[in-house]
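Every chain is named by a letter (A, B, C and D) in the order it is written, and numbering of its residues begins at 1.
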Amino acid sequence: MNQAVWAVCFALFAVGLSLLILRRELLVMLLGLELMVNAANIGVVYGASLTGDAAGLSAALLIIAVAAAEAVIGLSLILRVYQSGRSPESDVLRELRG
Amino acid sequence: MSAAAVGGLLAPQMVLAAGLLGVLGAGMAAFSPKFIKSLMILAILGAFALAFGAHPGAGDALVGLDGLGFSWQLVFYAAALPLAFLMVAESEVAPALVLGSLLGLGILAVSANLLMLFIGLELMSLPAYLLVARSRGGAKTSVEAAIKYFFAGGAAGGLFLLGLALYYFTQKTMSFAGPGGFGAEAGIALMGSAALFKIGAFPLHFWLPDVYEASDPELTGFLSTALKAGGVLLLMRLAALSPAGAFSRALPWFGAATMIFGAVLALKQERLQRLLAYSSMAHAGNIILGVGAWAALGASPAAAVAVFFYLAAYLFMNNGAFSFLKATGAKTRADLHGLGARNPKAAAAFAVLLLALGGVPPTAGFLAKLLIFWAAFKAHLYIPLLLAALGALLALGYYLALLKDLYFEDAPAQAPALEPGRGLAVLWTCAVPAAVLGVAPWVLTYMSRLLAL
Amino acid sequence: MIFSPLTILWALPIVGGFLALALRSGKRAGVFSIALSLISLAFCALLPWREGAALAVTGPAWAYGIHYALSMDGLSWVMCLLNAFLTVIALVSSLGEERSAGYWAAFLFLEGALMGVFLASDLFLFYVFWEVVLIPMFFIIGLWGSANRKHAAVKFFLFTFFGSVLMLLGILALVTLRHRATGVWSWDMQGLQGVATGPAAWAIFAALTVGFGVKVPIVPLHTWLPDAHTEAPAAGSIMLAGVMLKMGVYGFLRIAIPIFPHLSWRLLPWLAAIAAINIIYGAFCALAQSDLKRLVAYSSIAHLGFCLVGVFSRTVEGLAGGTLQLINHGLTTGALFLMVGILYERSHKRGIRDFGALFGQAPWLTFFFSFSIMASIGLPGLNGFVGEFMSLAGAARVLPILAVAGVAGVTLAAAYALPAYQLVFWGDRGPSSVSSHVTDLTVREQALLWVLCLGMLYIGLHPSGLLSVITPATKGLAL
Amino acid sequence: MTAVLPLSAILIFAAPISAVLISFFLVRPFKPRWTHWPILISCAVVAVSAVRIAMRVYTTGPLDVTLAQWMVAGSWSLSFGLRLDGLSSAVLAMVAVVGALIHVYAAGYMEEDECMPRFFLFFHLFYLAMIGLLTSNNYVQLYLFWEMVGMASYYLIGFWYHKATARRAAMQAFLVNRVGDFGFMLAALLLLSAFPGSGARFTAVFPAVAKAPPALVCAIGYLLFWAATAKSAQFPLYFWLPDAMEGPTPVSALMHAATMVTAGIFLMARSWPLIAGVPHLPHLIAWVGAATALGAGIVAATKTDLKRILAYSTVSHLGIMALGVGLGEIGAGIFHLITHGFFKAVLFLCAGNIAHGLGKPTATVDEAGGLIKKMPLTFVCFTVAAFSLAGIWPFAGFYSKDAVLDAAHAFGPGMGLVASAIGFMSAFYIFRMLFLVFLGPRPRQEGGEHGGHHIHEAGLWMGIPVLLISIGAVCVGWFGGQLQSLLSMGWMAAAAPTVPHMKVLEAWPSLALAFAGAAASYWWTTIKPNWDWDWREKSPALAAVFASDFGWKPAMAWVAQAVVALSNWLGLSLDKGSWDRLIEASAEGAVEAGGAGAALATGSVNDYVWWMAAGVAVLLLAVLFL
């Protein structure tokens, strides 16, 4: 059971991270980010459920809230990119480098 | 402990929260931006005063204040002041964001629990993304930098959470007192990667030069001192979970790699903010080395003087340097040419700061480096120590190059028009302590007393 | 307490430096600075120090055993005196050109910092002063130097900083090891003997040697010196060669050897080899130079080699002679740099072959130059010989081969110095000669050179005055 | 201490020092043409004092006092002192008298030179240095004056600094002497370590020689000889001396006759108690002296420049003195030193008068010829000195030179053969010079008749000193016995030196050789008046061999070039070109690395996250394996 849950958790996390690394579309990358957070949250929830720790479960709720806030900020930034007339892709945003 | 006592611990945070609400409210009530800014400054000053008068105590399961948190809180609020004074606030948004970020830092300082650390981390970071995006009037590059900051920071947050989950699963608790073991080590390493990201350790630093370059100078000062100090506190909390663990033992090497990489990369930069960004990496490397040495020596709060002093000195030096950029409007190294003659006062202050950043006695930067080296020596970290010495030499290379630009190069025939802003007062306020703290070692006695509270 | 004469000795020039800056006008600042440097010279000369560190200051403990602690013995006193004296010379020699207030202030800062180096008896304080010295010199070279000054200034600072960082690591190690051995945090220079043993001692001694060696400079850590000397203004070169190079040897005398009396003795063959290479290599390099300033700079490397020979020989006469040679080199090379500076000021050239037949129109310049050259190549009766001879006498007693190398260096000195002298002051005026721009010395310049040259003659014939001050301070190091 | 000093001992220093100071500071700025007066007065005082000192030592014995501390460090010390014994007072008397007369000559010779004040100051310094050298009571003080002699000679040889040859000669003289001084200084240093506490004083060193480490004593002996080969122009370091003719004639006269070159011989005589005990060294000195004497004698016979002939003759005679010293005949060596001082001074001053008479700075035999009628006084003086040099009875040279050559004959057949050749060559070259200059003129000679110049005798200033010294060149040889008793005063070795008394009839082989030399030179200069020019044209290769001093000069030039090449390689190629370049390149390399490293920051946030993942992977690996 442990292994199965953690395998799912890590797999989802890895998928999220891969999206972040491999995909250029900012929205997809945001998706990957959310995937990472939620994959980790699975671990928290599973840990809390094993011991019935209410603190752990409330932590999971808090994390979901934080993730939501993060998503809002991410979306607003992506919107800014749209508004500046650029396509929301990481390839475009390479003015700063070196 | 009673709720009232916990509330007493949280007084600075409450002032900040109240200030945040007040700023938002004043904004909706269409008060003048000037008033809003003053409100923000007042809130920060109040938080600083309360933090200074706080009595450290154990608190409850989630919050508590020890010497480390106490001292760092002072750094956080003090480091926000240059930004607060210099920022251009046309509405309530920017002040609110600053206060929000500071609140996150304040929470970080009093966290006695990994979850609280996470909340503090996110709360200090999220407003920062927006502040970066709003820099330079929301210029394209600023948005680009914010996007990078956001995605990289988000990934770091994800890593922290994964580490938290691992830690929680194996330790059955989110407090700092777990039984330890492999799961804990792995969790610490994952969480620690988020801290290293915040400090800008190689190779988790690539966001840093872009962000520092695209932000307003005063914001970069804030990011590189206050937020970096937050990252350092996070790092120390995590390293203290297992002072002899693999993560702690890896830190000196990360520190050495970071400072060498940062110093080398800074050598050929032409744009000043990017140069100072890489230079701040070099300083971060020293700090990480200091944290590694601190952990190796047992991670007792009272022994953290080296790191604390470094941060305190760096607060003055870097904020001063960025307020110089603000005050003179210089953007590239060529802009500095002949400034020594054209603007002798600002140039003199900047020269002092550069020497301090370079670690030349009698400045504060010297004593800061000395303490780090010393700690590393005491912890038998000889090879990282030698690398640090090399890093100090490399770092001096670009600071001297800037001094050379400032004084030895003649201004070009048609000097590019600079857009000087305010900041001379802040510049000198930073330069004087940076100049003399190095020969004021009694400050250290005071600091170690604070840390031992 | 803190406000003792010793504090005044270093603080007076530094405060004076700030005041000079505040005066703004270069003319006023110049007069003020010269007056102040004269006062500090008089003050230093009249200091009632006595043997056995009768003059010492120990302030309150700061943190980690760092104290504000100064002390003065014969060695410190002669070095301080040299510093104060050459500052006067350097400042007065600068009167000929329009200089800003910053120029004068920089020299006063330099003087104060150098005083601190020679007075400090706390390692922390010592290191702070040691490094602070670099800052005014960096600006002196970079702001008021000649064509390639920018590069030279940065190179100077970085190169010497490299050595200093290693030295700092060595000092840290010593302090930490003392804490491990005794449980006491202290940065006092005294009582560090024996705290480091085995490989640690070797490593620390090596670090200190590199740290001091860069300043001396020892070959192969010397390449900053020709550039710095060449590019610095004349007064800067005087201070650089006259006082700053002495910091390295002073460091050996004050720190490295007292702390490692046995190790440094066991390493004698290696240290001696360094010193011998300095002498021979410096002389050969000087022989190859076509720029007067570079030539004098390389000759400094050779001369400092003699100091090292004497100091490393660890005999009473060698130590005293090596230390005396520090003073001698200050006077002689100071005079030479002063005159090369005068030539440069008048003709804006430094190449040996740019000149010729100056004798006819500048007889006084020729007179003083030949006098100084003779002192520099160790003509007996003048100062250079006394220092060299005593150093080598020490060497001959412990390691005769070292004396052979040293005497070979004396021989070579003539080979590099005289041809240069001849080409500039004798001979024909070549087609590209700028000699016609060179006028003879002014009264002010003559006065300076008389003082320097009479000093050379005095030390050459009656060195026992200075030696009786130096010997008690150094003989404790003799084996 | 000073109370025991006789007035004359004080005056030999006080007079020249005050004369130089007065001339430099008081007379020169106001009346430059009078600069020489204080100096001439000083010369008179010194000459009288020196003679008085010699008489005093002769009657009451030596004087050795330590006057003042010089260098002191703890128990290690060196001092200034004065030693007036037989050896020093004898040489001092000759130096003081001959030197003083040359000063008078110079007053005439330099009359029209605008740099006359400078000349006299250095000239007198030269004189003072030699006096100090002779009267030192320890090696280090002796070294002081030894170097001072070199310094003064440098400025005097290069006096006409606008002449390239003068500059070159001055430099060569100084540098070669420095090479020799290498030996002296090292010897002094080793002395101080071999004889601790001696302060390098002769009276402390010599009695302790037997007890000192033999290896060190041996090294000291050889090093002192090395020093002497430079100062006294012995092979291999002799070659600076002939070139040193570039200075004004009085300088050459002073340098060759009274000061400088005799210093090396004096040093060896002074150090004899030490040198005598060093294995093989005396014989080495003798052989080097003999080889130098013969070689220089041969070369002297091929030179055409008058002063050059005399210069090689000096080298040759210094060889004879060294030969005497090396054979243990210190008395004979010093005796020859003294007589040589007189007759060589006359020869040089005559050569100066001839050049002056011809209206030239220097003269060659091509320009002279047949001067006997126009310069009769000079002819007489020159002839007297030439007879003396050739060792013809009863002139001074006979007594001293033949004493040395006699000792050489006694040493062995090989040395005897060389000595015979030396005797023959001496006579040959000096009579060749005499005949070529004063007889004739020959077809190839101008006889001074160029451009309608009127040849004349020099004035009184230049004539009278020559006459006076000529008297010495005749008579000094008669006082060998007195010299012997004088030398034994304060002699520090076991056996007092002897001055062999030469009897004319017993010395017939040497005399015969001298006459043979004179006759040969008459044959090849006067009977066959063109021979001297013809052989050069017929066999240029041979001429080149002589011109290059049997190849030694090019060899030395090669050594000098090698030193310069080495220094260029070290100082320019290695130091600047390689090592400093490497250091600078390391700094530039770091900057370039910064430029290259910047490429890692691609600007793409995907890459940034990739790097983060890599960092985390490293951390996790550390957890796994650390």
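As a working rule, contacts are C-beta pairs under 8 Å (C-beta built on N, C-alpha and C of every residue); 3 or more make two chains touch, one makes a residue touch a chain.
No experiment lies behind these values; they were computed from the predicted model shown.
Across the interfaces A-B and B-D, which one involves more C-beta pairs in contact?
Here the pair linked by more C-beta pairs in contact is A-B.
In terms of Cα-based centroids, which chain occupies the most central position?
Chain nearest the overall C-alpha centroid, as shown: C.
Taking the mean of the C-alpha atoms as each chain's centre, how many Å separate chain A from chain B?
26
From the mean C-alpha coordinate of chain B to that of chain D, what's the distance rounded to whole Å?
Taking the average C-alpha coordinate of chain B and of chain D, the gap between them is 77 Å.
Please report how many Å separate the Cα centroid of chain C from that of chain D, as a whole number.
Distance between chain centres: 37 Å.
When the centre of a chain is set as the mean of its C-alpha atoms, what distance in Å lies between chain A and chain C?
Their C-alpha centroids are separated by 64 Å.
Which chain A residues sit where two or more other chains touch them?
Chain A, residues with two or more chain partners: 17, 20, 29, 90, 93-98.
If you look at chain B, which of its residues touch at least two other chains?
147-148, 151, 155, 159, 209-210, 397 - these are the residues of chain B that touch more than one other chain.
If I count partner chains per residue in chain C, which residues reach a count of at least 2?
Chain C, residues with two or more chain partners: 158.
Pairwise, which chains touch?
Listed in label order, the chain pairs in contact are A-B, A-D, B-C, B-D, C-D.
What residues of chain A sit close enough to touch chain D in their complex?
17, 20-24, 29, 90-91, 93-98
Give the list of chain D residues in touch with chain C in this complex.
Result: residues 69-76, 140, 143-144, 147-148, 151, 154-155, 158, 161-162, 164, 167, 170-171, 174-175, 178-179, 181-182, 185-186, 188-190, 192-193, 196, 563-564, 566-568, 570-572, 575-576, 579-580, 583-584, 587 of chain D touch chain C.
Within the complex, which stretch of chain B touches chain A?
Against chain A, the touching part of chain B is residues 61, 115, 118-119, 122, 126, 129-130, 133, 138, 140-141, 143-148, 150-151, 154-155, 157-159, 161-162, 164-166, 168-169, 172, 174, 209-210, 213-214, 274.
What part of chain D is in contact with chain A in the complex they form?
Going by the criterion above, the answer is residues 598-599, 601-606, 609-610, 613.
Quick one: in the complex, what on chain D touches chain B?
Against chain B, chain D makes touches at 587, 590-595, 597-598, 600-601, 603, 605, 607-609, 611-612, 614-616, 618-620, 622-623, 626.
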